[in-house]
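Reading through the structure tokens given below for one structure.
In order of appearance the chains are A, B, C and D, and numbering begins at 1 in each one.
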Amino acid sequence: MSANSFGKRFRITTFGESHGPALGVVVEGCPSGLELDLKLLQRNLDRRRPNQSAITTSRNETDAYEILSGVYEGKTLGTPLTLIVRNNDQKSQDYNDIKAAPRAGHSDDVWKEKFGHTDHRGGGRSSGRETVTRVLAGSIAQMLCHKLAPELEVLAFSYQIASHTLSEAELKSVSFDKIESSSTRFPGAASSAIEDLLKKSKAEGESHGGIIRTVIKGVPAGIGQPVFHKLKSDLTAALMSIGATTGVALGNGVEQIELPGTQFHRNSQDVYGGVRGGISTGEQMQIDTYFKPTSSILDVAKKGRHDPCILPRAVPVVESMVYLVLADHMLWARTDKLE
Amino acid sequence: MSANSFGKRFRITTFGESHGPALGVVVEGCPSGLELDLKLLQRNLDRRRPNQSAITTSRNETDAYEILSGVYEGKTLGTPLTLIVRNNDQKSQDYNDIKAAPRAGHSDDVWKEKFGHTDHRGGGRSSGRETVTRVLAGSIAQMLCHKLAPELEVLAFSYQIASHTLSEAELKSVSFDKIESSSTRFPGAASSAIEDLLKKSKAEGESHGGIIRTVIKGVPAGIGQPVFHKLKSDLTAALMSIGATTGVALGNGVEQIELPGTQFHRNSQDVYGGVRGGISTGEQMQIDTYFKPTSSILDVAKKGRHDPCILPRAVPVVESMVYLVLADHMLWARTDKLE
Amino acid sequence: MSANSFGKRFRITTFGESHGPALGVVVEGCPSGLELDLKLLQRNLDRRRPNQSAITTSRNETDAYEILSGVYEGKTLGTPLTLIVRNNDQKSQDYNDIKAAPRAGHSDDVWKEKFGHTDHRGGGRSSGRETVTRVLAGSIAQMLCHKLAPELEVLAFSYQIASHTLSEAELKSVSFDKIESSSTRFPGAASSAIEDLLKKSKAEGESHGGIIRTVIKGVPAGIGQPVFHKLKSDLTAALMSIGATTGVALGNGVEQIELPGTQFHRNSQDVYGGVRGGISTGEQMQIDTYFKPTSSILDVAKKGRHDPCILPRAVPVVESMVYLVLADHMLWARTDKLE
Amino acid sequence: MSANSFGKRFRITTFGESHGPALGVVVEGCPSGLELDLKLLQRNLDRRRPNQSAITTSRNETDAYEILSGVYEGKTLGTPLTLIVRNNDQKSQDYNDIKAAPRAGHSDDVWKEKFGHTDHRGGGRSSGRETVTRVLAGSIAQMLCHKLAPELEVLAFSYQIASHTLSEAELKSVSFDKIESSSTRFPGAASSAIEDLLKKSKAEGESHGGIIRTVIKGVPAGIGQPVFHKLKSDLTAALMSIGATTGVALGNGVEQIELPGTQFHRNSQDVYGGVRGGISTGEQMQIDTYFKPTSSILDVAKKGRHDPCILPRAVPVVESMVYLVLADHMLWARTDKLE
């Protein structure tokens, strides 16, 4: 119904421009009585924060959040939960030249075409800064998911950056600590080579894309709503709403497309990604999200406002979108049948 | 809000089980005064129809539709438009053995898990037969799209089946007539080899997947609604709601992921797929939809109720989903700005 | 989102014109496993049916329904439930004169203004015949409500017709059998006087309005969703969506408006109508729905197609709308809190 | 879909508790390029503000608003527009006794029943303070309405307070200046008598109800979406979502219910209230909203936190709800037909 809302039962509405006063999100439909884990919330924000390492943009934002509504004595009230983050480092004068000449690869021109009146400073609403609100809301969803399904585990990580890919062996031993131990969020041996590449690219105004893989364990069987809100449909829509994404694959659905059915269907867990008929089977799920190389290259990049590869900072955003979909569908499943 | 509705302005609600009395769709939000092209509607149904050639399932359905509401003197009334197709060839006794032993690769078991009470005959609502209602609605969307954007052209075709892929030269000369001239809807030299493969696979109970590419020309610039209903997000959701799909790629967003940004962004049309910031640029769009090999293999297949490869019949379904998204967004754009 | 859909969790989409092939409804969100009571469904249809007595319109419709989807072996599947009723007595030639001269009090002209292209025959979609789909859906809602809240009782009846009003004593002894024992659905002594008045008015082309009172007992406490889907707000929206309604009063909220608060709030049950803060208290609810005199008077009436007072046939429609709201909110309440 | 959202095209989501940090609203769907009239916004807030006169509650709030998003250089961006108001006078210690003993007539107990965990201070989300966000959003809707329909005029005023009612002559000469010239917003001779009554009632902890009449001129013909979003249905739902409302009447639909149709339908403007078939006719509309006596009587009232009659402050809230519905439907009508 509305362009800035996502979810049917656990529903978020996000707002805010890159250089306006604040960005924020209203979360509706979160049941009352959920205890908030503010450390988790801050940790997720820090993982998405600009300037967190030498390979991310140097825009300086502390991303301190404020809760405006929906919480009392540390628990949700069942009323809309609102969280905001103020913009500090607005340096909008940097962007005055953009007013005349829109940046290549950005969407300044199509927003102008669409809306007539636009905020040219740093992309306005089209800026990647918008994703801070996804992490705010996704963290609340994460808390709810873990309450409703204590076994649930969502791990997102850089699976490919430029031409570096995790090996089969590395894939088998991925853990949250390994992911977070490197600024690339690539839990493999090539991590330091990638770090070097990205430092160089940051200086030169070059950029790189890649794949974020998400592995989900412990999803309750039976969630997802055919035929238009299948779990695979909502998950991929969620991921494709992130700015730089260009493709999604469920399970081995892109890589193994050439196999005949008798081979493909032999190992259902790998190939279906834990979803059949749009409904979770309870098995492990796997989703690959493809990111194009960052579009802020060359000129703009020279000002230091440049992520040479968005993947490290996008990992918590991907996780957040996954949690939002899972929270939505776990609540939705409460009305599936009698009793 | 509801599992069987799709779209925000041009909104459809589909219903019907594979072996129930009928399948159908209610279309809401179609403006009044649209002249219906019933030949187009029938042609699209025929392109999706089972038993249309030697390489498709032999389920015998004529798929004659009936219009129940919303049309008077050949034009839409602005009221809900309802179309149904009755099920003729229900042979539900064929499926009695499924009640005890759910079919591998199908979702009979997860539906049972979710809903408790299910219709085991031929998959019930999870059957691919459900897509007939997408073609009914998609054809109405197609008529509206061509009225609102007369330049618009949507071409979907088999780009890859098993290991056969269209060549660069073949890609450049794709046309509707070439696509429709072969039962594989693969507009290239390998078409007859694919046909042979599929005949053999149909007999043996083998199956194959592939990629349907959709090329869209003449989309008006400025459609798509960031941040959660970006054109790329809604298109992905639409395509990933089709039963056998396992991945979606926008432009060259999967194939060229390794390129550095300075090369990737050189040719914006190829790489962005005609969408930037989630909004159409007016340039050509390209979307690849990945399909896994059909899951009705082996035992069930032996009864002849078996598509050895779903792609030929899925082509009009993919087109329909694309038209539904475009119609929705063209109407939505009417409220973007003052004037 | 869509003009012909109602409800958020238990959601209906209705379709059909007065003189088109059929009218119908798709019910989404009804949990699986609900056993259908087809006798109840038929009884409700019969109570709304034209030509059921000497005081109703003589349009001849048997209103036999057909279930197109969503039911298997007598129980709901959790998939969309679709029911249709075909139009038999279409006599559309009777309405050809309307094409030139729209009927006073009807909305033919405003539909023409709005949509340009309209179906002038018998009001098209604006006809009261549309309410047959409300009764189809409302009956399913009724079955669900009684399953979820076995104590629930909804009684709607004519409380006032023209200047005849039920006495306090009659109000205290209202029962379903008393309501149904008279063609006026006015469970009081004046019933036969009203019957005589309406027969005379039918012959003369006169019409009358009145009030339908609905008394609801056994609503579970805690349903209703502030601030915009308070129970009182959704009930009002539901009732005011019926064609001839002109007002709604909750409890004694219209009659006792002059009382000072210290008197008004003394007897909470009477005054609040069982709703406080938009949430059910568990006490008895009471809602009055005001109907204007039927607008088909004089010329059109002379053809015998005329309800001199719509209230008797509107009673099951009012009940249906109430059940739809209650079913929706009982499902909605399942996600209010943890556990 | 969500309890705190209202509207389909022009859509608002409100948030905030009476004693939390802030209340606010996100407005989605407002077209870009609308120039904001900040004086109008402040004037409307001042008209709703507590402590504006001797007859309103003495809670001390300046209601200074802040715009967080959606506006740049004084015009809307087409992105979500967010406005908040911080709570200053929270005195929550006053409410500690409520935790043990819920207030008569308030909904503290039903919220507790529904959500388990609640904010007992001043009603939390159920407080009338919530309406400040309706005025924020309604003012934006008002600006849009006047841009889209420059002839539009919406006048709301106290038509009845306790037993005082405006005379026919007074009704004919109502104007915005007359309404605003008295603290009662009752544009008639009895205004000073009402003022005296309310001062006395404020001191004594007594309260009074009444009727707010809204007269609307210059609505474009053809807005409203049958069958479930008729203009009358959406308007009455909007009004019945306000805390203290107990009834609504369209035109003379409650007062003249006894008249036979041949008299009732003689003067269509009076009786239909400018809506036929759920669609605006372009004629003058009239809606009466009934308010019960304020429930904060006696004990609580003695603390001075007490509106002896909510009507004077509710007038701008009623106006706001009307503007929200009109803005929504004017945008919705843009997709009614082909042009």
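By definition in this document, a residue touches a chain if its C-beta (ideal position, glycine included) is under 8 Å from a C-beta of that chain, and two chains touch if they have at least 3 such contacts.
Nothing here was measured: the structure is a model prediction, and the numbers come from that model.
*Asks:* If you check the contacts of chain B and chain C, which chains show up for both?
*Replies:* Neighbours common to chain B and chain C are A, D.
*Asks:* Does B-D or A-D have the larger number of C-beta pairs in contact?
*Replies:* Pair with more contacting C-beta pairs, B-D versus A-D: A-D.
*Asks:* Starting from the Cα centroid of chain D, hunt down the chain whose centroid lies farthest away.
*Replies:* B
*Asks:* Taking each chain's centre as the mean position of its Cα atoms, how many Å separate chain B from chain D?
*Replies:* 46
*Asks:* CA centre of chain A versus CA centre of chain B: separation in Å?
*Replies:* A distance of 27 Å separates the two centres.
*Asks:* Using the average of all C-alpha atoms in each chain as its centre, how far is it in Å between chain A and chain D?
*Replies:* A distance of 39 Å separates the two centres.
*Asks:* Residue numbers in chain B touching 2 or more other chains?
*Replies:* 1, 3-5, 8, 14, 29, 32-33, 78, 114-117, 125, 336-338
*Asks:* Can you list the residues on chain D that touch chain C in the complex?
*Replies:* Touch residues, chain D against chain C: 1, 3-6, 8, 14, 104-107, 109-111, 113-117, 125-126, 130, 160, 162-163, 201, 206-211, 221-230, 232-234, 236-238, 240-241, 243, 245-254, 257-262, 264-265, 268, 271, 273, 276-281, 290-295, 297-298, 333, 336-338.
*Asks:* If we count contacts the way the header does, which residues on chain C are in touch with chain B in the complex?
*Replies:* 1-5, 8, 11, 13-17, 20-24, 26, 28-29, 32-33, 66-73, 75-82, 84, 114-119, 124-125
*Asks:* Note which residues of chain A are touching chain C in the complex, please.
*Replies:* 1, 9, 29, 31-34, 78, 147, 331, 334-339
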